[in-house]
Each structure stands twice: as structure tokens, then as C-alpha cells.
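As written, the chain order gives the labels A, B and C, with residue 1 at the start of each chain.
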């Protein structure tokens, strides 16, 4: 059985003008020891999905329907009290902006030990010792002294490492990393990704990495789910996805990557995807990607919404015109 | 750390001098010698004598220097009206009353206002919050002379629960303290509520929750600390508000404090008393702000490192 | 301060409905929202702010119109009709001299609010001047002035106002304005300086410079509109303080000389007889409270409306 099974998750935000369907029917699973990458542009619902799993939504948001089965239990049905036991201990999460995600008035050591004292039965001395070990594990030099430093003394990359250390401190089964490298320099990004991989192998942890950067999932993920406008539009193993992308959106995302060498070297402008995502206040009845899709046409795109279907074993796609069914079709054919 | 504190303390000295200077000049600008009253014609020779006695005939810079010297030795000079009392005596007699009134009012305001703010923030947009906000807004808008009057009318005259004059028995202190403390109470409540709401939205609170910490701990350790610390900076204005309020409250409740005495001194052209009290009050504020600064530096590690 | 977390900061993954920028293809109609139109819309959606604005304007209309429209002489003494209860003829009743309180309160309002606006503008100008000079000159001048103001933050205005009035000798409209201005400018200048420095250091100002914009363009296109917003909010915030200050001074007997009356002196009048005729102090007090409350909520609404960071969902 998979470690995490999300089924038909729908999360809506209450606004003055109505409900915004931020996550509209998302299902996926994460097996033990595997890394799932969730990719999509800003606003597609990937972060909200993660926050829904953790139960960390803002008061204006609610999980409308869906089950979130973790280790056999439906997290959606747990009380806040029970969820508090799961967070940090079974599932840990790290966030995008390391500059603001740490409490500036508490020492790093304190922010590490309080988690451990909460979930594991350690006393202060043991917790501190373990905290220093954790800092070493994430490659922070002078760990013991730095325990008593405040966050503002750490650089961005180091703070993110601290966040990772905190997340790992109670040996969670699942780590959710929401845009872990987005706020960091490119040079630091690689280091963080390497660290995550290293730790995942060592601790036999499952991971969900959320990002808008295809390069990050290419490197770090075993399986990938591509999200668009609150729904998953393609899901496959990483190799399968990069080898044979099916959904026009995935193709566009890959096409938008700059290629510096290899057979796909391109000179000239990067391909951008024209248009904007749809308004999730009133999601369209039809395919949500159709307005921006070069292959859109016919009723199956503009009248009905395509369902997520298995086009090959282990490869799901939500499109009326996946790549392998498109032989011979001219671009721009619209009814 | 020590360097920071010392520097901060030293900076108050030139500012106090400046304030004394300003007050000094303002006092001199008030027309009319204290000795020339409309109902008494003082013979010029006696006038000259009195002036000489009080040093009023010397040039202004001499007077100023002499005054500064006096102030630094905590001698606020003689009263120009009460011949047998110096300003020091006057202050010694009346200031403790005002200090007690102000202190109790501040205590009242903090003890009720801060928890009110915290509760409002934690139960935001519920009826608790709305009620709290309503009380806050009333206390903020209704002028204190009106609340004081209302108190006297109901509690004093109609229902006769509390005395409304003077400052001798504990029960006579209840009404003035509440009347004076009402405005700072609303200030505290609103300040704390706003700070808490802002803190609750911070990323690090989300992190704390993600760590699975119990909500009580998240609030007490992560939210409250970071919310209350900025509230300290309001100490200066609150003190100022208390001083202003005390002028009114002492007037209405006939409390022999310094606020009431100030007005009479101005009307009676008692230069030195007015100046003495003004300087005293200004120095109080300056010192309060200094303490706030230092406290802030101690409590918030970011300012400490930035300042030193 | 009226933060509604339900509507604020709907987190990152919710799509915004307007983009204040040029057009895109597809995706439906996109309103081109300028800062002011956006602010106006936000303000009008804030029920509390709109209601308060209406009440504020009602009050202004009252003090402006009633003295013209009223058939009564506010200074006419007629002991036969003293202490009348409110009625159709005298909506607020009459005072101990038989003077109609409806028109006297309106006149008092003219003076109180007039002093309020005058002093508020003066404080605003001084504050902006100070902030601009200090902010732009910088260096030791700014440093010294800033420390001076920091140390005096929260200095009570009453003592200094009283001294200033004593210097003038008489208390009339303008001396009161000057006294309150002198006493209150400290705290404001400090705030203004902070605001101006924030504006000056703002990234978009640097960006404007970076693309070669001349200083006057920077000034008019960027700094002034933002300062204007701050100034408007400030006016509604400071007005109650000043009016209250004048009321306090009058209450202590240091106010405008009769027969001109302000709300404060009306209250002082009423204070002497409130045990027997409470209405005489209730009315001016309620008037003051009315002004303070409405001005405050309007200021709050304006602040929310003008701050583009507060995302009140459309």
C-alpha cells in the first residue's frame, strides 16, 4: 500500500465574489522511499495541495471533499489535536522562503529542540546534542556554537538547511518540500537538492517536491505530476515524462527550457506559452488548457472537460489531444 | 551590549538640555511679570528687589546656565508665587499623587487591555472580537471628561457607591483610576490585537504549526512574544496620554495632583513652577523612551546587533 | 487595524483577478486598474468606512448649514425659555440662558472642526517639510533631528499648548491653532520622516532613476501620489486628536473666550450643571465622540484602500 494516497481532493477558497476552486479534483499517491515531483506554474494549486495534506490552510480555505490517506488513516477526518501529532513527526514540511520561515527572536537551537521535545521524549540535554548532530548532517560548520545563534546570522542557503534539519529531526516518513530552492541563488540550489537526495536515501524517506522548475524535478523526482489550473494534467515516472511528454502543456513547459547543448540546441527566443490560466472562480466547463493549446479544436476540447486517463501503463494524461494520438494533425486546427 | 546602553543613556543629556532651553524661552515669552498683578500695585523698588532676589534681572544666558546647574542638582528653584515653598516642595507634595494615579491607571489599562487584545485576535471576527472592538472604540472616542462626568453622575451621585472627591481613601481612587485608564486600555487592546493579527500571518508561525507544536505553545512562545515586544514602543505615547488625561481627571475629581497645580501655576504666572513641572514631565518622557529603547534592544536580537 | 484574515492574504496559489498592466490575449476582460480607481473601489466596498464617511459628512453639513438656517440668535439671552427639553422647536433644547442649543452646537462645531482642520493642515505641512528636509539632506542633520524626535516621542501636548497660549495672552481661533500645532508637531514629524524615507528608498524610485527619469518626474509621478495618500489618511487620524486637544483646553478653562464657544467650552459650561441638567454636557461630548469615531473609521478604510499590499479580495 502506498504511504500517501490522495483521492479527489478539492480545496476551495471563500472570497467576496464566491468560491475559488484552487484544487479541483486531484488524486495521486506516493510510495515509500519514492519522490514525487509536482510541477506547475504559479497559481496552479500545487502549494495548496500540500497545505491541504498538512491541514495548514488559512481560515478562508476549506477542503470541500477528498480523502488524504496517510499510513492507512484519512488525515481529512482527524481532529486538530490528532493532526498536531502527525505534523512534524510523521509528515514534515519545508517552505519556500527561508528568510521568513524561522522565528527571528528565538535561537536556532531552540527552534530545533522544541520539535524534538514535543514529539520524542528527549530532555533538553539530549535534544541539544541531537540538534548539533542534525546541523552537522546538513553540513553547517561549527554546529555546536551555531546552535545559540539567531536566524539573522545565517545566510539564506544555511537557513534552508536549518529548515531541512528541523524537518528531519523526528524522522518523518514523508517530507513535503514546497519550492525549496526558489528563493535561493542558483549556485546554492544544487547544494540543497543534493542534500535532500542524500538525506532521503539515508533516512529512507518519501518526498514530495513542489516546484515550477522543470529542471528541479528532472534532477530530484522519481515520479512527476504536472498540475494546471487546479488539476493534474499529466502524471508519469520522471523518465517517461521527459522521454515522451503527452500533454500539450507539458510539451510547452519542456519547450520553454533553455537548451544550451545537445541535439536540441536552439538559438533565438525561448518559447513562451501565450495567454493566462483560467479564472478559478468560475472554472470553465471545457478543457481548462484549451485557450492556450495549439491543438485545441472540436467539441472534446471546447465543450467537455477531458478526464484523466491512462494512455500507457503508469502514464496518465488529461487531454483530448495527447502527443501519441496526434500524428498528422496540423498545429492550430480549431473548429 | 553595554556600549549600546551607555550610548543610549548619554544621548539623553543633550536632548534634556535642549528641552530645558526651549521651555526656558517659552516661559520668558509669557508677558507679564509674576509680581505685577492687576490687583496689586507693587512699588518699583520692591519690584527691583524681588527681581534681583530671584535673579530675574540678569541676562537670559546667565539665568539659563544657573537654571541648568540647578536642575542637574535636582533643585527646581523657588516658587515665584508661594513665598515659603520652593518648586521642589511643591513637586514633592503633589507629584506622588499624580504618579500613583497614573501608575494605577496604567496597571488597570494593561491588565485588562492586553488580554482583551489577545483574546480578540485569537477569536477574530467572532462575537467576542466584535464586542471587544466595540468597547475599544467607545473608550477611544468618548472624551475622558465625559466618562468621568458619567461616572460621577451614576456611581457618585445617583448610586453613591464611590466617593468622587479627593484622593484619601482607597475607594475614592477607583473612579478616577478607571476614568483615566480607559483610554490607555483601548490603546493597549487595539495595539495588541493588531500586532497579534499580523504575527499570526507570519511564515514562521506556519512553520511552528507545521512542526506539530501544540497550538497553545505556538501562541505563547511564537506569537505572543513577537507581538508584545513591539507594543512596548507605545510606552512613550501612553505615558504622554496619561499625563494629558491626568490634567483633566484631577480637575474633575478634585485630586491634589500635579496636573491640577499646573493650570493654576500658569494662570498665576508662577514661572519657575510651570517651568519646573514642564521640565520634569518632559524628562520623564525622555527617560521612559530611553528605557523602551534599551528594553527593545535587549528583547529583540535583531536591533541589538544592528545598533551596536 | 481592521484586519480580516478571511479576506487577506489568500495564499500564493489563488489567481488574482486584475493585473494593473497591459493586455494579454485570452482569458476574458481584464480591467486596467489604476491606483486611485483601485483604491476607490476598495474603499467603497468597505461598509464601515462608507457609513462612517457618510456620518462624517452629515456632521459637516450640520455645522455648516444650521447656523444659516436657524431662526434663533445663538447669543440671545432669554431666561423665560431656559433649560427647555428637546422639542421640535429646539431639537437640542436650550441652555441656562435660554439660547438654542441646536444652533450653538453647530456654531461650536464650526469652531472646533475649523481649529481641527487648520491645525491638522499646519501639522501636516510642518511634518512633511521636516520629513523632506531631513530625509533628503540626511547625514548628521537628519541623525540629530531624528534622535531629538525619538527621545520626545509621545510628549504630552497639553503643557506646551498651555504655555503657548499663555505667551499669546489671549485665546482666539488662531492662537489656539498655533498652540495646538506647536504642541503636536513632534510626533507627526517623526512619523512623516519615516514615511518619506521609506518612499525615497523604495525600489520603484530607484528603478525610475535607473531608467533615467528626471528628478521632477520621479517627484510628481512617484513620490507625490504616494505622499498624497499618506497625507489624506493622516488628516483623518490627526483631526480627532486636535479637536480633543482643543476640547481639553477649553474644559480646563483655557479655551476660546465667550461668547464664541467650541464644543469643549460648551462641555465646560455643561460640566458646571450636569447634575441638574445633564444634556448640556452630553450633547457636546457626543458631538466630539461622533467626530472621533467617524474620522477614525474613515482613516482606517482609507488606509486599507490605499495600501496595495492588503489584498481585500475583489
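Operating definition for what follows: a contact is a pair of C-beta atoms (placed from the backbone, for glycine too) under 8 Å apart; a residue touches a chain by one contact, two chains touch by 3 or more.
All values derive from a computational prediction rather than experimental measurement.
*Asks:* From the Cα centroids, identify the chain that ends up most central relative to all protein Cα atoms.
*Replies:* C
*Asks:* Considering only mean CA positions as chain centres, point out the chain farthest from subunit A.
*Replies:* If we average the C-alpha coordinates per chain, B ends up farthest from subunit A.
*Asks:* Counting in whole Å, what is the centre-to-centre distance of subunit B and subunit C, each centre being its mean C-alpha position?
*Replies:* Going by mean C-alpha positions, subunit B sits 23 Å from subunit C.
*Asks:* When the centre of a chain is set as the mean of its C-alpha atoms, what distance in Å lies between subunit A and subunit B?
*Replies:* Taking the mean C-alpha position of each chain, the two centres sit 54 Å apart.
*Asks:* With chain centres defined as C-alpha means, what is the inter-centre distance between subunit A and subunit C in Å?
*Replies:* 48
*Asks:* Can you list every residue of subunit C that touches 2 or more other chains, as numbers and ranges?
*Replies:* Residues 5-6, 9.
*Asks:* Note which residues of subunit A are touching subunit B in the complex, please.
*Replies:* On the subunit A side, the touching residues are 54, 56, 80, 84-89, 92-93, 95, 97, 100-106, 114-115, 118-119, 150, 152-153, 163, 166.
*Asks:* Which residues of subunit C touch subunit B once you look at their complex with the stated criterion?
*Replies:* 1, 3-6, 8-9, 147-148, 150-160, 162-164, 166-167, 169, 187, 240, 244, 247-248, 251-254, 267, 271, 274-275, 278, 281-282, 285, 288-290, 292-293, 296
*Asks:* Please give the residue numbers of subunit B that touch subunit A in the complex, ascending.
*Replies:* 202-204, 206-215, 217, 221-222, 225-226, 229, 299-302, 305
*Asks:* Once bound in the complex, which stretches of subunit B touch subunit C?
*Replies:* Against subunit C, the touching part of subunit B is residues 11-12, 15, 18-19, 23, 26-27, 29-31, 124-125, 137, 140-143, 145-146, 149, 153, 157, 190, 193-194, 197-198, 200-201, 235-241, 243-244, 247-248, 251-252, 262-263, 266, 269, 274, 277-278, 281-282, 285-286, 288-290, 293.
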